[in-house]
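These notes open a run of structures that come right after.
In the two complexes that follow, chain A is the common piece, with chain B as its partner first and chain C second.
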Partner chain A sequence: MINRVRELRTARDWSQGELAERLGVSRQTVNAIETGKYDPSLPLAFAIARLFAMTIESIFDPDARAS
Partner chain B sequence: MRISHRQWTRYLADVGLPMLAYLLSVLGSALFAQRMPPGPWRMLVAALPVPAIAWLAYAEWKRLRRRDELRQRIELEAMTIGFGVSFAVVVALVFLDLHGGVNIPLHVAAFVMAACWIGAQIWVRARYRYGWLQSDRDEPS
Partner chain C sequence: MHALERRYGREMALAAVLYVAAMLTAWPLALRTDAASLRAVLALLPVLPAALMLRAIYRHVRDSDELQRRLHLEALAISASAVSLVSMALGFLAAAKVIVLGGDVLLWVFPVLAGVFGVVRCWIQWRYRCS
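And then the complex of A and B:
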């Protein structure tokens, strides 16, 4: 699954640590999500969508695979 | 990265007492059991660390439930891999002991399990690029 988390984060000029703090997770979790190594749980995906004021499906694409 | 004072304090608050109980019971068991005559009391003293191990496992489990979701995934994967590999190795050692004419002491199993778990931790953490030592910001409060 690929996602737009890095793109959305950098557009707001946030560091991975800042985003992690806003989401209540570790910086490594944000990094693993951005690099496609880890797919977040449903509650975390909702938290990400809420934070960026977008829908989950506009951030996460389940049909595409991370390279 | 380094472990902060806050993280040490939190770790000690979570597992400090059961860890101390475990160390003391292992020490007590090792010191006294071998000096006692064979019998039920010696067996009881030899088994002293068992409740402390159960307490420590419970404390670690409670601690893990409060952790970051990726960290929980890493621990679960590492435990699964570590258990699977160590089980295979221990079964192989048991068969060698039974049929291979090699005398393998029972306590080797504990070292095999620990080594497999540590190896699995290293491998899984490397896969998720999750460091060993966390800074303040790397674990949510």
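And then the complex of A and C:
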């Protein structure tokens, strides 16, 4: 699954640490999500979508695979 | 997340200090005590700080975020399986009288499990960064 988390974060000029703090997770978790090594749980995906004021499916694409 | 790490470090340090104190005071006393019930109490005293260590680990895993919890549990599954398998193999060898194991060999299960868990946890974390 690929996602637009890195693109959305950098557009807001946030560091991974800042995003992690806003989501209540570790910086490593944000990094793992951005690089496609880890797919977040549904509650975390909702929290990400809410933070960026978008829908989950506009951020995460389940049909694409991270390289 | 830093507060979580600080709390874990604080709780583990306290438990380690209590463990060392129990090993330096109660354990030598236990070896010199004749009364079986008192000897049992003194011998079991180091188990209390060991239980505090387990409590600290449990609280750390429980309050970690979802990825960290997954890494902890993966490491725990691998280390517990490895230590159980080695214990079983040693048990069979001892039962077949190929090797001789004393009762104190059980004392090593907890520290070996903790050590293997630490190594596996680092390996899993490294794998997540590099995969």
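Here is the rule we use: the second predicted complex is superposed on the first by the 67 of 67 C-alpha atoms of A that agree within 3 Å, B and C clash if a C-alpha of one lies under 4 Å from a C-alpha of the other, contacts with A are read in each partner's own complex, and residues count from 1 in each chain.
To be clear about the criterion, a residue touches a chain if its C-beta (ideal position, glycine included) is under 8 Å from a C-beta of that chain, and two chains touch if they have at least 3 such contacts.
The structure displayed is predicted, hence computed values, not measured ones.
Once the two complexes are laid over each other on the shared chain, residue contacts for A:Leu8 go to neither chain B nor chain C.
Looking at the shared chain after the overlay, A:Ala45 reaches neither chain B nor chain C. Once chain A of one complex is fitted onto chain A of the other, the partner contacts of A:Lys37 extend to both chain B and chain C.
When the two complexes are overlaid on their common chain A, residue A:Ala20 makes contact with chain B and with chain C alike.
In the superposed model, A:Gln28 makes contact with both chain B and chain C. Residue overlap on chain A between its contacts with chain B in one complex and with chain C in the other: 20, 24-29, 31-32, 37-38, 40-41, 44.
Those residues of chain B whose C-beta lies close enough to touch chain A in the complex are 68-71, 73, 127-131, 134, 137-140.
Only residues 20, 24-29, 31-32, 37-38, 40-41, 44 of chain A touch chain C when the two sit together in their complex. By the touch criterion given at the top, residues 1, 64-68, 70, 125, 128-129, 131 of chain C touch chain A in their complex.
Chain contact summary for the complex, chain A toward chain B: residues 17, 20-21, 24-29, 31-32, 35, 37-38, 40-41, 44.
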